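What follows is chain A paired twice: with chain B in the first complex and chain C in the second.
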Partner chain A sequence: MIEYSLIPLENHLVVNLYGDLDIDSTEVIEEELLPFVSNYKKVHFKFEEVPFVDSSGMGLLLNLVQTLSEKGIKVKILGIREEIMEVFELLQLPEILGDGIFV
Partner chain B sequence: MFHDNLTYHFNSSEEDKKILDKSLQREINMARNIQIQLLNGKTPKFEGGEVKGSSLPARLIGGDYYDFYPLIDGNIRIVIGDVMGKGIPAAMLMILTRGAFRSASESTQSPGETLTAINQAIYEDLRTLKSFVTLFCADWSPSTGTLTYANAGHNIPIFINGKTLEVKELPKVKGVMVGGLPNQRYKEVSVRLEENDSVFFYTDGIIEAQNKCGEQYKLERLVLTLLESKDYNVGDIEKCVMSSITRFTEGAPQKDDITMVLLKIRERKADISSLNSPVLG
Partner chain C sequence: MVQSIITKGKDIIAAITAGLDLLETTKEQVNIEVIQHEVRGFLGIGARKAVVKLTKVNNTTTSSTFDDLMNDLNVEDIFKAESLEGTPNPSLQKGLNETNELTGKVWVRDGKIFCKSSPDYYPTVSLSSGVTLYKNSKLVNEKTVIISELDFYEIKVEDSEQKTTWKLSMDERQLKVHLYINPGYKITRTVPDMDPAHHLELYTIEEKQVQNTIDYLEVMQKLERLRVSQGIKQTVILEALAVSEEGTFEIASGKEPSEGKNGWVESKIDLNIKEGLKEREDGSVDFREIKTIPKVERGQVIAILHPPIPGEIGQTVTNIPIPPKTTNPVIIKTDHGTALVEDKIVAMESGRPYIEKRGKLVRIKIVKRLTHPGNVDLISGNLDFIGDIDIQGEVESNMSVTAEGDIFVQKIITNASITSLGAIISYGNIFGSELSAGKNNMLVTELGHLVGIIHNEVDKIVTVIKQLEQSPAFKSSDFSRGGIQPLIRILLERKFKNFPPKVKKYIDAVRTGEKFLADDIWRLVGVSLSQIFLSVNNEVTSIERILELSKKMKEIHLLSQTAIEPDSYITIPSALNSRLYCSGNILILGKSCVNSKVHAGGMLKINGILRGGEVYGRLGVEINEAGAESGTATIIAVPNDQKIRLKKVMEGTSIKIGNVKYTFSETRTNVCAHLDEYDRIVFNSKESRML
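== the complex of A and B ==
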């Protein structure tokens, strides 16, 4: 289950995520976070405190980034742990989401 | 057009809720039976080796998938996959994937082509449904002893060398998960398997199985278990892996579906021409 904190900066919104990104995070991501961050032009999601992402979590992340990108919002994902990044690369998420998303 | 707003809705009285619960339970059980029947399809038998698969859903039904498809040239096409999510939604997409795999296998010549055809067939549906499937597809040729494979974002299977007892992942091959991007071509890699070599295909529910402290089973424990059980037949190796996971998790709730497929090579006959086409038994 994921939790988050928001830091609105001058040029962008920082979203710090805490906990596992999994199927139990669906409502938090889709019903709370997505509508809120849609009001910003640039959003940085920080993953330092996310120890585990399952396949449902990857689907949530994929849809979050794609939905925001379609609205013209610039998204960056920072601080992904090495073991999670390995799985993302296996799924080729960086290729699917485009260059410059994962920092 | 499929309408959903004309469906009869129960009132919220206690009696109506009981009827609805009973009806839902019955339908879930029926869906589970359908999935068990479809997953427990016939396992191909062939000379010079054995293959077997098994799956344990985290909930009543699951989104993991494995299948075998005997090809006309005597080869066997093996597929293992993991639909995003779990439970009933994943199970519905698993059935969609199974249909796409079976029809693609009929019309394609290689595992890479099969993955391309599956992606073409279900990409639009998966995007609409905001889902994806990881798939690993391999053709085993009993006559040449060659395993040719392609990958759509799935875990690389583990290779157990029967002679040197080296246990490692098969040579890596990458590819975008099914539903990720349209018009994908999937690279293929071939390896030669010798007598007593095994290949262990699996889904991430195995290495990500958690105990009560939140520790994961991880690849290292799986490798050790496969080494310990290397001399067994495929059925017994599967039992050893399941038993090892159960011991590790100590009754902690299973978070994800667990699925594995084992291919083990036995002594090959000198006379290749005597090899029969694989039969489903």
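== the complex of A and C ==
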């Protein structure tokens, strides 16, 4: 289950994520976070406090980034833990989402 | 001075007389010693005169000196006298010689050196390898030594000894124990007695004595340590113990499991159908030759099903049983018109029995026969029959004939389409038509190939999923709730983005060929693939389901690679502007094959001329004459491990072996082309005898 905190800055929004990005996060991501962040031009997701992901969680992330990108919102994902990045790379998420998303 | 002379005469009297004359004395004053009696030879050969020695007893009467006497002696007498004087007294002679001969010499007796010094000559010895010499207890390093009587010598030779070595070895399968033995020996060296000489070479004589010291008990203990308890050959061990030369002995052997036999179907009816048209000895073909077709009546036993015979269990030398290879029963499928009663396959209706084998799969059916008396035309309509079709007329334009068995056409086929699961035999020529035989087999080959690729990919997907599950940051908790569908979707997004098109291709191929596929498994695999990988719904899928599908795909992939028998075939006289496809052999026995496309899953053989078009034989191509003078493109292709044999090939004809292409720049005869190990086309004229 994921939780988040929002830090609106001058020209972008920082979203700090806490907890596991998993199947239980569906509602939080799709119904709360997605509509909210859509009002910004730039959004940075911070993953320092995300220790685990599951396949549904990754599906949510893909969906989130792709939806925002379609709306012309610039998305960056920062501070991913090494072991989470390993999982992402195994599934080639960086290639799916395109260059410049994962920083 | 003793006055004595030796004289000769023709007999003793004459000799004595002559002697007395010389001495100027009488008989009374001499001692007469007869040295040799006269010998009368045969015809004078071997005759010898008598020889006497006269010694004057009384000196007083001597009036002349010995010198005077000598002067009076004739030459022969002097010679004789001298030689007699030289005749040595043997005993005296020896004594004299010994002192003379030993001087300055060295000899060996009983391994010791003896010598006799001489003021002007020192004897020498040289030492060969294995001999060491001590002079006054000091080792002599020189190769050659002067020997003196004043020194004390000692010869030393070294004896050598080799211990018996042996080794036990057991093969990996524990079926054999070998004893390697190299018996030990002792070599005793001695310096032999040597006769006196100025120089001696001291050498040794070797005496080799084999000492096989291997111990029976030790061997048995070692066997015990290896846990060998079965099949020990005591006699061989004893033989090895007594051996005097290096050798290896098999001292224990286990029992190989005997091969069993897979189940089989024994046909009770001669199923051999003559393969269509046969050539006569003079090369011509009789198209009236009607082939004999086997037939069964209702209730008749077609075949007997034999269960597999299991092999016998073997045993290792360590008393572990070795199971024989598992034997498989045949999987029998009684199709149309047949039934399995106990171990017998019985015909339920009359017709042509047909037994098809693919690996352990055996399919048996009764093929019905439809005889169509006239032409296939607009009046008769298209023909589609579940058995054999025998068309006694022509097949006319735009008509189609489809059969699950064989198709026989007595006359020509023009602009028509003929499809059979069995063979196609036409006695008339083919014009602008499409012939397809063994469509099901071709489909199976094609689908099998696709399944092979898909199976490979699915295995890769499974590997990645397993890898993910090992990742510390990955939770598989949602698998139980949402299945692995979300994960598969991510995987197909990028990592396996080429996978869905392959599945689609397979599903399409199954759908098109559905009616030719006797086995439902191809379709079922397609459905599963579609559900797991293509569908958009959120049906819960588990990795187990994927594994199960993977297993099924592997099975049908292997099945598709197993040869089928009997395979279908096409036999026709000639073809023009046509397309021929066959999973098995294609034989074009007549004059020509012109501007046609030919694909044979087996061997392609054209007895006449190939002019224009593309032909392919998966198991090789044999053509009498290929190419066209007009230069119409003629391409002959085979896979990379097959050969193309052409009795005559025209300039401009292309051949393709695997991916390597070659175009003939001149007309050639007796060509046999294949690829060498560097993937180059080579021509082997020796092998081009053909047809």
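The definition used in the following text is that the second predicted complex is superposed on the first by the 103 of 103 C-alpha atoms of A that agree within 3 Å, B and C clash if a C-alpha of one lies under 4 Å from a C-alpha of the other, contacts with A are read in each partner's own complex, and residues count from 1 in each chain.
The rule is simple: contacts are C-beta pairs under 8 Å (C-beta built on N, C-alpha and C of every residue); 3 or more make two chains touch, one makes a residue touch a chain.
Since the structure is predicted, the reported quantities are computational estimates derived from the model, not experimental observations.
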{"item": "Superposed partners chain B and chain C on chain A - clash or fit", "value": "clash"}
{"item": "Partner chain(s) touched by A:I23 [first = chain B, second = chain C, both, neither]", "value": "both"}
{"item": "Touching partner for A:N63 - first (chain B), second (chain C), both, neither", "value": "first"}
{"item": "Touching partner for A:L91 - first (chain B), second (chain C), both, neither", "value": "both"}
{"item": "Per-residue contact with chain A, leading partner among chain C and chain B", "value": "C"}
{"item": "First (chain B), second (chain C), both or neither touched by A:S55", "value": "both"}
{"item": "Contacts on chain A seen with chain B and repeated with chain C across the two complexes", "value": "22-23, 52, 54-56, 58-59, 62, 87, 90-92, 95-96"}
{"item": "Contact footprint of chain C on chain A as seen in their complex", "value": "20, 22-23, 51-59, 62, 81, 83-84, 86-87, 90-93, 95-96"}
{"item": "Residues of chain B that touch chain A when the two form their complex", "value": "82-86, 130-132, 134, 153-155, 174-177, 180-181, 204, 208, 255-256"}
{"item": "Contact set on chain C toward chain A in their complex", "value": "464, 467-468, 471-479, 481-482, 484, 486-487, 489-491, 493-495"}
{"item": "Residue ranges of chain A touching chain B (in the complex, touch as defined)", "value": "22-23, 52, 54-56, 58-59, 62-63, 87, 89-92, 95-96"}
